[in-house]
């Protein structure tokens, strides 16, 4: 086992996998939480430094249960990457009350449950990092973000509140404002099939910045930063 | 009956009453929605231009039922003042998952349910106003706003999304960033018993600004503005 | 002479004229400052309640001289509308150092000089209003706002600093974030010749909101608000 | 000579020196621009990879002259750290027109002159980095930032405009929102003599983050991020 443990809440192909690979390479043991319980491609079942857990990030009990299992299996959690997100887009008429709620459940309540469980432990240890995959929708609503913007903005101001509470106790909270389309099989196929490479954010590059932030000295912490491809119109 | 109808969601003493008085004076019929079903002090039971409805703004069915009753009793709704708010303050350890959820239910889901019901009607008529009593917590989290900030920021970016969707159809959405302590019996007694008059925002002054905004010509609409007492530190 | 005096710095056709008309109608004597020294169309030379002054808002001495003349002619200044602006648009290669500087001189240094002269007087009286015609460029830069955004953002944070300094002394500072194209002969002809009426902001509607803000009770002041046409994409 | 050249505009003890040391260690040749013409402590006069230039960042000709000398001595400039700043603090009555102007000259006009000279060259090469030492005052004014906030906010929206113009051409613009007191001899002695180590931001930690940002892959660039000590109240 490595010396440090990183949990990725909302593991999956694309960004979740990029986070996993970069933190694994940096020597972290990994706890991968997802609805499907998937593990890292190519991870040997015998590799006890990578473990997958099935859970629903929108259900506090399910989430806290999985986090407890990680702690029992791998030990104290040093870094949490909160990457869970429903990413539901639609105008007012497209979004049901249920979808509006589920979007908030995963994005905001899930982060709250994570902080309720791990915040006090990290505070007591005087260390810990929670990095959240955010979005520009956290800052403003738009026509297609009737459910997404409220979920992400709730997540961001919660993160901001946590940063001010837990920062002085040595716990580093980071909010990544990801502004652009991440390069995944899904976005290449369904969302932006005709775009060139330059249009997309490479997941590995987000993950590299996240790792750097996880290593920042506490005299100079970043709470929030934007990430976008060089050619993005903004 | 007057020519126009104003509904106040989250009616009560203090700001709710100030909104009611100022819109009544401006000739609006009033539908007053609150958990207690209270009516305007001094309103005669025989005064059919002021009607009170009991409902829970955090329960979409209850809220939509009350709004339908208003429409049945008073006719089409011209102005909605969304003033419902749990105003729960506390650090991470003080806030339960239930409180975190209820805060969001009233502040964000309640506004969503209101918009689901009235947005399409107002859009079809090509007119309507929805004014939301917001707060600075909508913009950033703080130590004591673990539940409040996520609720208000979800409300604000939802309002922002609605403004962009419904504005072009003639529906005016306004978000008031109320930054300070409102002068009420409760805040005078419990929250700031030793402050002078200058410390507080007079509810009637917020309501006057709201009325002015409800009357803005659609060539020059305001979406967002801050309101604070002149001596406030900010 | 009326009871109150309003000075418009950067008077001209369009918005400047709309401010003048609405404040005149509200009973204010007017001091109109502009590079050309133009007066309100239709104002009788014998009407001593409207006076025009030639000055360069980018030259502190010229500006302070004109303000002193207003005070000598009309008495103490109650309301200042700071409407001066070069509105120079262009990319990096289009803007010279001189243009970059002039843009700042008029937008930011002019407001500073105004505040240096009138701020202490208004503070001593315990009353006064300074309303600034701002723009969305005050909040962020864009490709075409190489000179305009730095000028407007300097103006906005100066206004913000003034609000925090002078507010507690009874002086109300307001920043209007005008987000859209104002309906003037010039914009209709040169900037947006093919747009319908709905595309434009009516100057009179901005001026009405400004008058309302000038009348806000000091228990509930607004520092900043946005103004845009209902159909604006934002 | 190294393979890459980094210029620090506004070199000096404290943060300027930290930038110099970290970029030197990363293999950059250094051009150090300051009013005094100081060089890096301990740099051998025979070390041609570190060169000092005397210039006034508030005077475009002086600044462009020094940058031309760097190019002539060291070759093409890869990274610019724009660290020049007068950091003048004071209320309205404390700040003269001259100080207000000088603050803007160094912070905003200096960056503009730098971009006018280097922006087209970097664009043509398709690469280059400009990192600006910013401040929270860029986002809002405060009582003591009558001159500082307008200067920093002009600098920030200029940086924002440059990012949108030059980003698509491969030039990375970064704005560091430094929120706290940097640990230097001067701040320890004069500004905060009684604070513990935890109160201060270590210059080397800001510089490390800057180096990481200079190395970001262009598919995932950061324009803006905040940096503050873990215990900072914000």
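Before moving on, here are some points about what is shown:
Think of it as A, B, C and D in the order they're written, each chain with its own count starting at 1.
Following the convention adopted for this analysis, a contact is a pair of C-beta atoms (placed from the backbone, for glycine too) under 8 Å apart; a residue touches a chain by one contact, two chains touch by 3 or more.
This is a predicted model, so every value here is computed, not measured.
Under the touch definition stated at the top, chain A and chain D share no contacting partner at all. Farthest from chain D, judged by the mean position of CA atoms in each chain, is B.
Chain B has its Cα centroid 33 Å from the Cα centroid of chain A.
Rounded to whole angstrom units, the spacing between the C-alpha centres of chain B and chain D is 45. Shown for chain D are the residues in touch with two or more other chains, namely 164. Taken chain by chain, the contacts form a single closed ring in which each chain touches exactly two others.
Every pair of chains that touch is listed here: A-B, A-D, B-C, C-D. Within the complex, the chain B residues that touch chain C are 164, 167-168, 170, 172, 183, 198, 200-202, 205-206, 208-209, 212, 216-234.
Note for the complex: chain B touches chain A at residues 60, 91-93, 97, 100-101, 104, 108-109, 112-113, 115-116, 119-120, 137-143, 145-146, 149-166.
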